[in-house]
Amino acid sequence: MQPVMSVAEVEAFLVREFPQIYLDGPLYRVESLAPGVAAMRFTASERHLRPGGTVSGPAMMALADLAAYVVILGHIGPVALAVTTNLNINFLRKPAPGDLIATCRLLKLGKRLAVVDCAIAGEGEAALVAHATATYSVPPER
Amino acid sequence: MQPVMSVAEVEAFLVREFPQIYLDGPLYRVESLAPGVAAMRFTASERHLRPGGTVSGPAMMALADLAAYVVILGHIGPVALAVTTNLNINFLRKPAPGDLIATCRLLKLGKRLAVVDCAIAGEGEAALVAHATATYSVPPER
Amino acid sequence: MQPVMSVAEVEAFLVREFPQIYLDGPLYRVESLAPGVAAMRFTASERHLRPGGTVSGPAMMALADLAAYVVILGHIGPVALAVTTNLNINFLRKPAPGDLIATCRLLKLGKRLAVVDCAIAGEGEAALVAHATATYSVPPER
Amino acid sequence: MQPVMSVAEVEAFLVREFPQIYLDGPLYRVESLAPGVAAMRFTASERHLRPGGTVSGPAMMALADLAAYVVILGHIGPVALAVTTNLNINFLRKPAPGDLIATCRLLKLGKRLAVVDCAIAGEGEAALVAHATATYSVPPER
């Protein structure tokens, strides 16, 4: 399961197709893309914070959804249209201030569905702050 | 299971405690609060839209999470601190342009956990665009 | 969304295709099938019980999965092969002794995926003991 | 995060407390228990099979639930009562005939909730047949 896009190609695609997610600046950056796995860095802006400086739940859900999309996109290429059909997330600990890294692995890349496991942790931290599983519907004729 | 707060009290609490969610204006409004159920209206702004004018998945996840919080808050009162522990969402159809209404029902309001069912549909539409289930941890000593 | 099979046809199909689920007797019975909804009754046998006479979690998961299959089958007909792709369940209360009724509603019956909401309660009880959401992959060429 | 029970102690506890799961013989065996992780082997009997000799979905759900319990039990000890509050499972591929191994990792072992990631694969296979996440409520006064 080899990626078919580079990190730069994925980022260029995101900027072009989803300009709305960059309205507050380049908060989402693809850190790496390797066989079956992608990592995305998220720098929260004020709207993503909650009292105490912790990143909000919805910001982590958005991060999981986007990072899951990135690992799928990187393996099926930019022509494909993938849409989320299911996302399940467990919130485990309050994030400390600082960037979050979402590491997503392809559990399955099928003809119709892709399933991704997504672990979110503070940079350099072993303990996860959240864990998600996402399913995307992928186009069969690719 | 009677609400212990009014719609106005819930909205005032949200504005005070979570000012970040109103950075783009009053996009989230509590429509109603009744025994075991609450409804919230969401008016998407540009950042919540995707190509074709459809509301993004993360915007619907944020809506489900907030509306679930509202029905819990309305039944346990403003002193309590509740945090999401799990959210599971199925995306069913692309939303048409227009406001979305999230209708959340308490499936359980226990001593430690509250579980909420959340149906999201376009205003006046019967077909759901998304369906979520959320679990919140609630403080035992309330 | 009209059913295309009768209760008797669905039960005959289950007995023929899934004889294993009846090894302990007719524990699963279709109670009703109506537009978009089906109800299934479950009578636990010894293997499904836990200390105190309560029905086990896995028995409720199996019930939710089967009842979700029934509502889909009843609406797409016996030629179709549907397989579960995702099941999410929240356990809400310990069931009291007695039969359980699983009531499943079609949230979506699409070309590729069907999504079902499933509420499980003791017979005649309003409070749910469990709530599940299940997604089935359905054959596109039906 | 060190286990506080041995494999033999966990198995003896299961046999004593949950005799119902062994009605068809010793189908569930704890393979290993290490810091934060446990593995369980499952040998399907006829009732767990579906056409083609594949293990049924409910049998995999039961396996995930039990293996998740084992990793928690092994780390909190036999005095504690833990109950499942949520289980989410994605079915990825049809299992080939043969034993299944469920490998469960503790994502969180908190004062009130434990969250477990559970990967199920055929023995010696890298590709998962199912992936689950389970939450257990654990007693606070332990």
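Order as written gives the chain letters A, B, C and D; numbering starts at 1 within each chain.
To be clear about the criterion, contacts are C-beta pairs under 8 Å (C-beta built on N, C-alpha and C of every residue); 3 or more make two chains touch, one makes a residue touch a chain.
Here the structure is a predicted model, which is why all the values come from computation and not from measurement.
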Each chain counted as touching chain A and chain B at once | C, D
Just how many steps, at minimum, does a route from chain A to chain D need if it may pass only between touching chains?
-> 1
Please name the chain that ends up farthest from chain B once chain centres are defined by their CA atoms averaged.
-> D
Determine the centre-to-centre distance between chain C and chain D, using the mean Cα coordinates as centres, and give it in whole Å.
-> 23
Taking each chain's centre as the mean position of its Cα atoms, how many Å separate chain B from chain C?
-> 28
Distance-wise, how many Å sit between the C-alpha centres of chain B and chain D, to the nearest whole number?
-> 33
Flagged in chain B as touching 2+ other chains are 85-86, 88, 90, 135
Touching chain B in the complex: which residues of chain C?
-> 88, 90, 92-93, 107-108, 115, 117, 128, 131, 133, 135
Sort out for me which residues of chain D touch chain B in the complex.
-> 85-86, 88, 112-113, 135, 137, 140
Of all residues in chain A, those that touch chain B in their complex | 17-18, 20-21, 23, 46-51, 56-58, 61-62, 65-66, 83-91
